[in-house]
Each structure stands twice: as structure tokens, then as C-alpha cells.
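When the chains are written out, they are named A, B, C and D in that same order, and each has its own residue count from 1.
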């Protein structure tokens, strides 16, 4: 950590800062510049509260040198983390494709879609039982009944299921769910993250619309710090000024997350663009950039979907995309 | 609602769309253009699921004409909503200033700060008992004990208290809290909003870092739709590419929210900038632009604050700012 | 074009609008809604000034239905435009890779780099003679002498050259340049675009940091409208809140530009990320998403480069990346 | 300047870096941390090319401590710069209001508007003769004839005139113009800035849509470094995800620019919002936050304006706003 002092900071302010720093198990080295004085802090600085330092009268700026995340850091865990979900590996050599509808609507829809995506090569089934909707008047999901239908589809196809949680109060309903998803809007719902850190379920953590790559890793750190080591990171687009797509897929996040962290990284091309025609090229880009998996919206009949139909593929389109993705994945050595 | 059809959409796709629209209590008017056909939907379109329309094969684009929020809409409620908090009016003629530390730390800090801000003219006391922190290793707040200390400070000064909730599971602890705050990171924690809609507590709803003005009003709508009419909107800065400030205060949001909605609008200049020296000019700007109130961070000793000290004023600075703000508010007719 | 009228707009304001619209060769169809009246304009609306309409008292909102660009529109030109640069095809079946240093520094550097990138398979040589630098104190390029050195390198290797123009006043110096580049900061330097529209040189037009995909196409339209049909579009990252990369590569822009326009689309992975280690994964992603080419920074000795060394590959790294890219391009059928 | 070395950087890479640094007139101090080694550079670091350092193999990160601008820096020039434009002071005690139409259209429009804004208290007249338009098919301005009409209006009213330049090639036409405006799209048109630096005309420099406050100051530095000390900075909104306003006025930029620099700072509330109803509240906010002036669009008949009518005030509205602004300015001590 580097502390830049204010030009001509009064002596007693600097002394106050120094006495504050002396409480930590670190060494402080000073460099006196032409204009400003700089302090370099040596030792384990992850426990230092950067904001408390910033508030000191003598301080102009504080800059971290070490990453603020530990358990999610590849330096602490050089090997890739591979997460086993009922026999399906996430983060291993093989690309993992999760597919299914935006929301669970009824049994026929789920069984039909699950059967189709399995036939096309999907490894897991997704489907929303609790739906975060901007409008309180929009369909909010089937809740417990939705999870029951997912489990029916699992029974019928053998596919492990992935579904989103919106409140820790509902955790009991997720007892048989294979992967619990945390949506973009809840990426910094820290109370929920803490509760999930106490479970041993794999967690699919989506990046928030306005969250940095470092903040995504810090949210993963919340879960990991609680003892749950099974976190799957998901890039799903960030909010920018561009309006032609719903969000802007940050393709650079894939290699950066793989470099900074040992956790598996998957990509959601459906939510990133919000346009079904972009699912194929964005999936290709994600696989080529090194993603460990994809989560794709597929609906047996997008035109009657209760949500996000505009970004859903139908089973025929999905089958076509899967064939191409599999070929590309194989070419890329996965 | 306007629906733009795809150029040369097949007849049966258009018929499917038409039969879908016939289920709603609306009239459909068609305009055949040179290139494209446009449908104009007449009637109450707030119940139409825009995404379901977008997913139709025949549809190129859908555009709303009516606002999607009802209860928050000034059209439905032309008069300003004035919320009474233990005798303090929010949204009335007088500017309301809420002040206090980022987080509740101990009794001396709270009593000292509360006494000071009251003497300077603050109408309510703020303080965080549950703290949303990016890092799991940072101070997370005193929780129940924090609320107890806030109530002590209320007893000592008579100031109503405002404090943030992070999970509906903690609602019982907020029984004696006067205003419950929903932080920026939870603006789209819809499950929490629904629970707060069932209470009769005033809710201070902060705009999310990446959320539009319309989304803020839709989140207010969640609370209002549940039956709780006491929502205070708060602009606190949005995330942009500019790095010199922590966030970018969207000053235009004030007149826009006042125009679109009848709910009170307050501004948080402390979090918007993250720099204590900007609290004064941003407070002035907010008052001049028509804000109904301000929420300002004040700590009896910012240099030892456990969080956000860099943006906190000390009581002397706050007193100075309050004098100037009061003068300006009076000049502006408040 | 759709015009939404203000609720209860006075009759004479509506009449004024109608008389204004009557000047255009279009038909106006009205739909009277519950709350608002909507006008649908039928005919060639590209000549209507949308801002003049917006300024009418009676008007609440105006929405385009047709794209505002014509010559750049794929509808007007369904076939891909293939641009021939001294025998090198851009936009054809084969992927085109342009490589070279950020700035031209001296003869040895240019000859050495040009020879190396040619050996690795690059089809054109890039190098900046005029450098847009944020600071007036940074190296600004060798100007005419830089172009001379590029031409030397062309003579030595046969590679066509690509270099950036910053002012129309310098056009004479570009007489022997094969492709003229317009940098991101000049994408909306309309006076420059108009001058380039009068030439018959291929123009490599980079997307501005804060410009939408539609604005990029409108800037291309400036060149095309002047009579120059040889425009190559280049996605090079947009400015967002993420700070880990210099810019955020908008990978979705590739399939969208290819769908909306017939012009070739290339990607600059070096400027997009600003990190040499990301050049490989971003190049892969671009090729997989359908880009027609890449423009990559290569310096014979990045550690002594006068600009952007942090994002440059050295010849050995470039050779490695080229081998992989060629394989992937071939796999993708190019 | 601080250089963070890569963990375990090879000795010869570090030596190379050190020998490179030895070329500058600075002292290098090293701090050996637990994980990383840090170098602190002491002396005048403004001449060091930060990108050349970043490209060194041994370097992980480089951070500036000193601001990269000199002439624009308040440290070098503690007093406010006051610019005299034909007797009108910009940056002095009094608030300066510039008003006039988006574009110059004809003599009647200019004389009428100029007379009106003068009567309401405007100190200068604005009007565009060269118009940067997104579409090549939109009205591009009257060019030389437009400047002639501005000069007519100046003769009739005595108001100094402000008009935008789009290319250095047109400089001769600006011989009698009082203030030359550089628009947002040209803020980083460095060749134009250099040419303007050679003149002695006051320059009104608008912030680019995607440019940081520091970049605005660096563009001012281009002009100042050329010898022209008369630069007026203008905040006019930045591009964000919010779509309800055309841009987002960055109100914090005002106090920050005033703190970092000695140059006058004005605000353009018309372009910031793109909505005439927001001109009043945003003007109030700007004045309250400390702006030295405002530039407001006024058209004698906005409904027939050839551009930007939706954001223009008519003379009656402007007169009303001016009365309120004058009162507020006086209250603020200006």
C-alpha cells in the first residue's frame, strides 16, 4: 500500500497518521519527493482499512498494490478450481453448457425444453423460479412450484439444475437444487452472500451491471470466506452508453478473471446482448477467449415465453449453435 | 405502446401476434409504412408484458409511450407527497437535512454527533448499523447493538433516526427505527422491497449505481404497490467513467424525479463525491435544483471513523455548511 | 418515424406541426390513444430533421423506425463490400491482419518490424506518423519523416501501409499512403471526414470511445456520402467504468455492424485492452465473432517504444499469436 | 511517480529499467515490500513518458503522484485567471451569461435573438456557423455567411460573439470573432488545439462526452503550452447509461476544476440535458456550485429552429430564467 501525503501536511497530522499505522504489523518506508512525501507500507496490508487511512488529514491519496481478495486469488491457489456438480465438471478441460428457459412456466415446457437441451449436449438445466423483474406488475416466477418442476425435469433427464435465489429466507426451498445462482442485481447483496458462504452448494455468481471485475472477485470472496469454496463466476454484460444491445459483454473479463483467480468462469451470451441472433457469435467469442462454460436461454416456444423471449433460442436453433460450439471447443482443445 | 413489425414478416407470424394482443383490453391500430408496418396500441397498456411482445417472430421493436409506473406517477397524484416522520416533514415546504456518521461505532460517538448535528439544525439522525462493504474483511457494522445506540441518541436529542436495512430477515430489529433506508446496492433487491411494501414505515430508497431514473421509480413502485405510500427517493450518484469522484452526482435527476413523480427527493452529496470538500458545493447545487432534503455524513472525528471518513464532515464543518444551506434554502423559498 | 404528441396539446400547436410535416413527401397517419395521440409517418423519412420535430410545442417524443444511414446500410447493398488495398482484400473471405508499431520511430525499427510481421503473415503494415497524445509534452510523431519511413518499409517488404491522419491540412503528405486511418478521437471530426470523402483512398475508421454503433455508421456515411466507398470500420473498445482494462472491447459490435452494414469490420485488440497479454484472447474472440481483420501493435522492442509499449507484442510473441489466429481463422472457414 | 515492480522480476529487467530511469534528472528510492518492490521517483517527473515505463518487462504498474498539467494547474498560478472579452470579464466576480441560438440561420433571427438576450442581461452572443451534426444529411451551418450575420448582430447590440470552429483551415474566417469555441467532439482534436494555441483569441473549450476532468485540463494545456493563456473551460454533460437526458451534467466538475485550475469554468445546461425545461434548474445548480458563467441556447422561435430546438428557450422564457439567475448569483455574492 502506498500513501501519498498532502503537500505541506502539518507535522502533528503526519504524526497522528504514523501512530495509527503503528498499530498494524507492517513496516513504513518514507520517500521524500520534490513536491510530495510518499509512504510505502510493507507487510500484510489486506487488514488495513483503506478508508480509515484516506480520512486522515495528512493523506492526499492511498493506492493499493496488493489485491484485496485472498481466497479468490490465483496466487494463493495456482491450480484451476474444478467444481463437481453431480458428476458434471465446471472449470475442467471440457466446456460446460447450461441451458434452459428464463423462467419456469409449467411442466410441459420444462420437460420438453430439458429433453431437447440434453439431446443437444447441454450438461445442466437452468430455469428461474424466482424472477427479479423491474416491474412489480410483471410475472415474478412460480417460486416453490417452479423448483418442484425443475426437479421433475431433472428426474426426467438426469440434468443437474441451476436456479436463482433472491432472498436467504428461501434457502430451504433450494435444498435439492444443484447450483444456486446469484443474479446480477444481487451481486452485492452481502447478507445473501454470507448465508450462501455457510452452505456447501455450488454458487453461480453473476457480475453486477455496474460492478468491476475486482468487485466481482470481492463478492466471491464473501462466499469463500464463509467456507464455501464452490464459486462459479459469470460474466453477463455490463451497463454502458450503447443502447443497441441490452448490455455490453465485457469479453476481456474472461482472460482477466482466469488470470487473477482460480475459479471457473462462464459467460451468459443471452442476457449480455438481449438479442437471440447474437447468442451464436457471442458464444463463439466467449469460447475462443477461454471461458469454461456458457449459460444460454432456450425455450421450447420463445414467442409465448413469460419473460425474455426476445433473447431465447428455440430448441432447433440451440441444437445448431451447440454443434458449432462443440466443434470450436474441440478445436480450442477442450 | 407502439409495435414496429419486421419488414416482410410472414402473414402467420403477424396473425399470431394479433391473436396474442386480442387477449388484452386494448385497441390495435395499424399504419402501413413504406418499409415497415407499425401497430399503435390504445388503452391501458401497463399490464402488457413488453418482453412477451418483443419475442414474437413478427416484431422488430416495441416502444412504450406511457410510463410503466402508476402509483409513483405524478399524473395519478398531482400534489406533492409530504411524509411525516415523528413531526418532521419530508417533501413539504421546508428543506429537511439528515445527518450523522456512516456507521454507528459507540455511544460517545453517537451522542456527541447527534447533539452536534441537532444544534446545527439537522432534522434527523442517520447512522449505519448494517454496513454493505465491498470487502468481507471490512467492518460490517454493530447490527442490533448499533440500532440500540441510535435509539439512545434519539432519546438524548429527540431526532428521528434513519438507518439501512440489508435483509428482510432483520426487519424485527427495525421496529423502533423511524425511517428505513434501502441502499444503492439493494435498490433492485425486489424481495426486500416487497417486504418493506407491507410495512407502514417511511422508506428512504437510494438510486442504484447503474440504475436509470425510470428504474428508481419502478423500485419505488414495488413498495407503493404493496400498500406503503411513504417512499423518499434519494439521488446519490451514478457510476461513470470519471474517476476523480467516487460517483457522478446526476443533478438532473432532481427536477426530473420531481416532474415525473409526487414523491419527495433528497440528495446524498457525501456518497456522490466521496470527498468531504465537495459536500458544500454539491449541497448548494442540490438545493438550488429543487431537492427536498439532504443526507450528509458527519462524524465527530472523521480521522478515526471506521468507514467513509474521507467524505465525512466534522461538526464544525457541518455547522458552517448548514448555515450556508439554510440561507440558500430560505432564498429559494423553502 | 413515430411522433408521440403531448397529452392535451393545444389545437393550434398540433396544426402547426401538421403544416410543417406537410412540406415533406410523406403520409401522416394518426392513432388516438387513451392518453396520448400518436402520428405515424410513412415515406422516406431520412430527410426529416428529427430535432426540428422535437422542438414543436405539440411534440412529446419522436422515434425513428428507419435507420438514419443509407449508403452504409446493408439493405441498400446486400453484398459484403470487399476493399482492395494493393492486392490485399479487406472484407473478403480471408482474415486480414494489419501489424506494426504504435509510432514510427526510426528506419531500423520500421524495417525490422515490417520484415518480422510480414514473415509472420501480416498483410499490411501500420505505424503512426501523427500521434494523438493526451499530453502536449508527449512524443507527437515524426510527421512527414514518419510517412517517409513507412514508405521505406513498404519498399523493403511490399506491405501496403496504414497510418493515421489528424488534420485535413496534412492530406498531401498521405498521397502514397495505402490506407488512411481516422482515430477514435477524430471519429466525429466531421470536417476531416468530409475531406476524406472526396478522396478515393481506403479509410480505416475507428469507433470513438463514447460513440454508439449507430454513430460509427453515421460517420462512415459522411465519407460514403462524399463519394468514397472504401470504408473499413474498426471496433477498438469503448469507455466504461471498468478500470482494469484501458477500454472495454464491445465484442457485440462485430456481428451487429456486419448485420447492419456491408462494410468490412476489423478489431484492434491492442488499444481495446491496453495490455499485451490480452491481445491473444481478444484476437481469438474477434475472429470467432466474425471480424474481417485485426490491427495489432507489434514493436521490435516494446520496452523502448516511444508510445503504448505496454500493449505491444514483440515479433516472437506476434509470430506465436499469428500461428494460432491463422488456425482459428481457417477453422472458422476464412 | 511510483513504479510497482513485478513480483520476482528478473534482475536484468530491473537493471534495464534502472538504466532507463538514470537518463532523467530524478532520484529513485526503492522500498522492498513483502510481495512487491516499489520505486518512488523524486524530482520533476512531468517529462517522463509514463507509457515507456509501463512497457518495461520489470514493471507491474506505474502511478502518477503529480498532476500531468502545468500551465493549467492552480499550483503554478494561485490567482483566478480573469479573461477580458471586449470589456466583458469571464472568471471575475460577476457571473457571465452567454446566450443565443444553436445555429445561425438568417439575419432577422440573429438580430431579434441578440436584441432580446441583451435586454435580458446576457453579456455575449453565441451562435453556430459551423455545426457538427451526427448526420451528413442534417443542416451543417451557414459557415462564412453565418459569421457575417453574427458580426451584424454584434454591430447591432454591442455583444461580443462566441462561435464554434471545426477545422483550423477555417481560422481566417474567425479573425473578428471574439471567443472561439471548441466543441465537445473536438476536445481531443489536438492539431486544432495546437493551432489555437498560436492565436491570442479567448478559447471556450468544451469537455468531451467521454473525457475525464483531467483530460479536459490536458487539452487546455495544449492551448496554454502554445502561448495562448485565454482558455475558458466548459462542462456540458458526459455520456452515461441514463437515457432520460441527452447527457449527464457532471456538476462536481465545477468545484473540482476550480480547485485544480485557475481557469474560468462555465456550464452549458442546454446541451447537458437536451430538454428546455431543465435549463432553469441546471442553471441554478451550476451557479450554486460555483460556476463563473453559463452558456444557454435561446432562439427567437424554437419551434422552427434548424437544430436543437427542443433544448432552446424562447426570449420570454430566457428573460424569466435570467431574472432568477441574477438574483441567485447576487445571493451567492457574484
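Convention: a contact is a pair of C-beta atoms (placed from the backbone, for glycine too) under 8 Å apart; a residue touches a chain by one contact, two chains touch by 3 or more.
All values reported here derive from a predicted model rather than from experimental measurement.
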Handout entry: Chain located farthest away, centre of chain C as origin (C-alpha)
Key = B
Practice task
Check C-D against A-C and say which one is joined by more contacting C-beta pairs.
Solution key: C-D
Exercise for the section: Averaging only over C-alpha atoms, locate the centres of chain B and chain C and give their separation in whole Å. Expected result: 39
Practice task
Compute the distance, rounded to whole Å, between the mean C-alpha positions of chain A and chain C.
Solution key: 31
Completion exercise
dist(centroid_CA(chain C), centroid_CA(chain D)) in Å evaluates to 26
Fill in the blank from the handout: Residue numbers in chain C touching two or more further chains are 210, 239-241, 243
Fill in the blank from the handout: Note: in the complex, chain D contacts chain C through residues 16, 46-47, 49, 51-52, 54-57, 68, 130, 132-140, 166-170, 185-186, 188-192, 194, 208-210, 215, 218, 221-222, 225-226, 239, 302-310, 312
Problem - Sites on chain C touched by chain A in the complex - result: 210, 212-214, 238, 240-245, 248-252, 254-256, 259, 272-273, 277-278, 281-282, 284-290, 327-328, 331
Exercise for the section: Could you pull out which chain A residues touch chain D in their complex? Expected result: 2, 4, 29, 31-36, 38, 40-44, 61, 63, 65-66, 239-241, 243
